[in-house]
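Read from first to last, the chains carry the letters A, B and C; within each, the first residue is number 1.
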Amino acid sequence: MSQPTSIAFESKSTFLQRHSSWMIQTAAIIAPFILFGIFLTFYEVNPIELYSSMVATTFGDLYGFGEVLLKATPFILTGLAAALPAKAGLVNVGGEGQLAIGALFATWFAIFYLDQMPALIGIPIMLLAGALGGAAWASVVAVLKVKGKLNETITSVLLNYVAVFIVGFFVHGMLKDPNSFNWPFSPEISYSLRLPVINGTRLHIGFVIAIVLAVAVWFILSKTRLGYRIRVLGSNRLAAERAGMNINRMYFWVLLAAGAIAGIAGMIEIAGIEGRLRATVGTNFGYLGFLAAMMAWNNPLRLMATAFLLGMISVAGNKLEIFSGLPSSSVNILMALVLFFILGSGKLVKR
Amino acid sequence: MEKHDERYLLKTKGLTKVFGPLVANSEIDLVVKPGSIHAILGENGAGKSTLMKMLYGVYAPDGGSIMMDGEEVELHPPTKARAKGIGMVFQDFRVVPALTILDNIALSVEKGFTFNRKKLKQRIIEISSKYGLAVNPDAYVWELDLGQRQRLEIVKVLLAENTRIIIFDEPTSVLVPQEVEAFLNMLRMLRADGYGILLITHKINEVLACADQVSVLRSGVLTYTASKEDGLTADQLIGAMMGDKELKTVEKQSGIQTSSELALVIKDGMIKGDYGEVIIQDLNLQVRKGQIVGVAGISGSGQKELAEVLFGLRGLLKGSIEVAGKPLKPDVRAFLEAGVSFVSEDPIKESVIPGFSILQHMVLDGMELKKKGLGIDWKALAQELEQSEQAQALALAASSRRADTLSGGNVQRMVLTRALIRKPEVLIISYPSRGLDIGTTRTIQQHLLELAKQGTAIVLFSEDLDELFKLSDQLVVLAGKRLTSPYETASTNAAQIGQLMLKGESA
Amino acid sequence: MIADILTGAIRSGTSVMLASQGELVSERAGVINLGTEGSMLCGALGGFAVTVWSGNPWLGTVAGGLCGLLISLIHAFLVISCGANQLATGLTIMFFGMGVTAFFGKGFVSQQIVGFNPVPIPLLSDIPYLGKILFNHDPLTYLSMLLVPMLWYLIFRTRLGIILRAAGEREEVLFASGINPRLVRYLAVLAGGFLAGIGGAQLSIAYTHSWVENMVAGRGVVAVALVIFASWKPVQAMLGAYLFGAAQALQLTVQQQGLAISPYFLFMVPYVLTLVALLIVERRKQSQTPEALGKVLAGSG
């Protein structure tokens, strides 16, 4: 995708440049870890120990590996929700809210309609409900974009806040668990609706769903006529317009598809991990997915790798909190640093 | 040999500029005298702009020296050139459309963070009345036509402190014939006031009309220098410009009957611009099958907007547009299906898709898409493209090349190939020869005539009157927010069209 | 009750207003900075922390401004020097601000300060009705009100303002005038970050007198949206910010009156209102968008 070609010297962009761009990309991944390591030493944490234990827990046993994949699952999905629109030239940061509303829809269906359903019917319906919720929330951004000509980045961020309040409204009201002693969360969903788990880990089938969706999005984007049109639109809107494409319709459906994928992430959070809806469901998952997509240059296949890396960092964040008393939010700093370097090196790599 | 006591403002010796493998200027010796007009003559791409940009400090020379006031000077960057009293009036004006004339002038003329608005306004009015450069200081630049913008640029240069040398880059290209005379008069006034003037142009009659010295550039080399006293003749100058190149000419066969079938009709249309202002009103246009209608006009008279309407990119506010008898809504899809093709005036911006190969550009509004499963059969398309007569005739670059690495001329070849390969019913084409060498220009013009012969209706936008007269069956002129009724090319002439460009048709 | 809401509009709108004035400067130079949210967060924490340590809210305010400026420096560097996507970079800054302030702010969560408190202006505050709404505020609010006409004059009447606007429209023209547009943009973004930082500090030092994790809660994003709503004009941006503040004040008033409306609906109102305001403005033809910014918003920046 980001194969380097220099403008000035057209034909001879080959080995050396590809090589150096690869090196820049690698350096951009490593540098923030070094910087964060220096930061950690001020707080009397040995970064080398932390990083090596990060690798050790990830690859040491099945459970640890499963934990990282588990963390990576929502990042892959919310990452796709950013990457797919990005290919069409849109900056969708609404994954956060779309995930939340997807979780809301999924929980609603699970509690009110699917309580007695067998897994084989109930889980797919719940999945569709999640997708529907995400798509519905994304449709607000899409309509504002297409009909109101409002920039989707700003509206999608604003709507993230609104989405969290909507979930808050429901878990304090109609969806509140009557037996919760006034805690704001929903009742637990039926056990049969919980996603099946791989033995010896907490890893559930949601991971497979994420992988399948990532591959599907990659295939559509790079191999089909639809994907070709989406890429034309994303690379030069004026050219797409002049080729007679209905740009607004494409924007609309791409945003809806992205919302549906993020909504599925919300459903998976409920059915795979939480079992009930809280106002804090998936906090920051949307933003982290966006970061994962940026790191992967919006390539769905690479996204799986970057989501995995973010999963490793998240797991490390929990350990950091347990062992050294630093808040787990410290790793957000590391993630932001990683992205700063990616963003900063973008121009060096891209052309 | 040179006389050393001769008065001069600026003198260059062996000035050289190299871009990669291309030597843009080689060993240029030039003298600019006070109170004189020095014309730099040459074809497109001869290196005139490079030379001027070195004198204005945009480029640093790779070799040679520049002398002013008896000492060697460095002019790069332009702030240094300006401090030495050199001003330049660019072809693409260096102005901010969203600001007023006053703000634009304050930006370049004043120093510091605040300024006296009243005083500056006064100075603007003074200098503009002195040289007949009518401008309204409070007008926004986006409201101005190109002639007015040029006047703003000139006022800007004149208001700058200690300007001694003024470089004009193809100044008359934005003017109609009738404005040109006033412009040349202003040059003579500046000369009388002692300014040294460098006039870049490729128009020989302007040179003969006002220049005191002429230097001719060809392929980056100064081939000819003379002054008025030596006696300048057109033949000499043409010879120096063209060298011994010979070019086949485009022949328009006269007497071909265009069909009576209407391909494209606009009735009583009105077009509004991006700022909500009226661009064209009472718009009527008819193009028959096999007919080429040329649209003349000073650039910025609404060509872009009209072209967009003709392709469904922009809607008509009033009136209707019909293609082959069918009324169409402003929807590009519908126009494409009706057989309309479009070559825009800025293909690099509007057509080139970064990261995509030439081949990948071809299926957008060009070659028929070949399906293969859910995907596209690129291999078959590549073969078809390579064998197509249009691609060969236009010497299209290899189909696997990335379009964003192509030069402007090659991009033009690409979009033209794409438009021609479709054999459109109607072709809307803007500035087909912009950025191309003469040889390719001729090829393209030949192709357009060929296409018309096969029945395509063509609307041709061009700023080159020669081209318009060479190709068009009828000419229409955009001026004063109106499109004139058609004039048969055979029974009109450049003077009449120029008059219309300036004033429009009196109602 | 209406007077209460209007007073509250100014009181809770001031932080957004300061941030939006800063963002306006930045956007006039062609840089949109969603990191305003991060700048506000850092300003809120930095300002609060310095006030805790020094006991002096003025020192805290300056510190808050500097924190906001430092964060915006990252944005400026990545966007202007590295050519990174403005929207994506801004979001990362926002995320970074959330992480950094959550990390360093943990120890400040239960701290208390005196900070700034409303100082009624003698005589003026006695004007019936209006006096209470306009002239009974903390010192930062008064300063922010003075800032608006000053910015207007700066942008539309001085050469500095012309330079700023030219940077957001046609950088090649600035180049031709011997001014480095990148430098102008840097300074504009830093000024924006500084004001956003002060806005954040106003929130923690003068409005809530406390630090709570993620307390800015989208005000920075709203500030960015308001600038577009205001067509890049300072006075309109101020009115938009007070509108946002009024929606928040309404929330408090409704709660005090004990009306049976879910607080979660009221929480949404300011954000939804901002969206509606944007929508209304976009309906009328937009031609005032600075050219460089238009490219970013259209997705090609």
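Quick note on the criterion: a contact is a pair of C-beta atoms (placed from the backbone, for glycine too) under 8 Å apart; a residue touches a chain by one contact, two chains touch by 3 or more.
These numbers were taken from a predicted model, which means no experiment stands behind them.
J.: With chain centres set to the mean of the C-alpha atoms, which chain is at the far end from chain C?
T.: Of all chains, B has its centre farthest from that of chain C.
J.: Which chain pair shares more contacting C-beta pairs: A-C, or A-B?
T.: A-C
J.: Report the inter-centroid distance (CA atoms only) between chain B and chain C in whole Å.
T.: 45
J.: So what's the Cα centroid distance for chain A and chain C, whole Å?
T.: For chain A versus chain C, the centre distance works out to 29 Å.
J.: Quick check: how many Å separate the C-alpha centres of chain A and chain B?
T.: 48
J.: Touching two or more other chains, which residues of chain A qualify?
T.: Where chain A is concerned, no single residue meets two or more other chains.
J.: Would you mind listing the residues of chain C that make contact with two or more other chains?
T.: none
J.: Touching chain C in the complex: which residues of chain A?
T.: 89-91, 93, 144, 148-151, 153-155, 157-162, 165-166, 168-169, 172-173, 237, 284, 287, 290-291, 294, 326-327, 329-333, 335-337, 339-340, 343-347
J.: Per the contact definition, I'd like the list of chain B residues that touch chain A in the complex.
T.: Per the touch definition, chain B meets chain A at residues 20, 311, 313, 332-333, 335-337, 342, 344, 349-356, 360-361, 364-365, 369, 371, 374-376, 401-402, 404-406.
J.: So in the complex, which bits of chain C are touching chain B?
T.: Interface residues on the chain C side: 157-160, 162-163, 165-166, 169-170, 172-174, 176-178, 285, 287-288, 290-291.
J.: Write out the stretch or stretches of chain C touching chain A in their complex.
T.: 34, 74, 77-78, 82-85, 87-89, 91-93, 95-96, 98-100, 102-103, 106, 217-218, 221-222, 224-225, 228, 262, 264-265, 267-268, 271-272, 274-275, 278-279, 282-283, 286, 297-300
J.: Which residues of chain A touch chain B once you look at their complex with the stated criterion?
T.: 1, 5-11, 223-226, 228, 231-232, 235-236, 238-246
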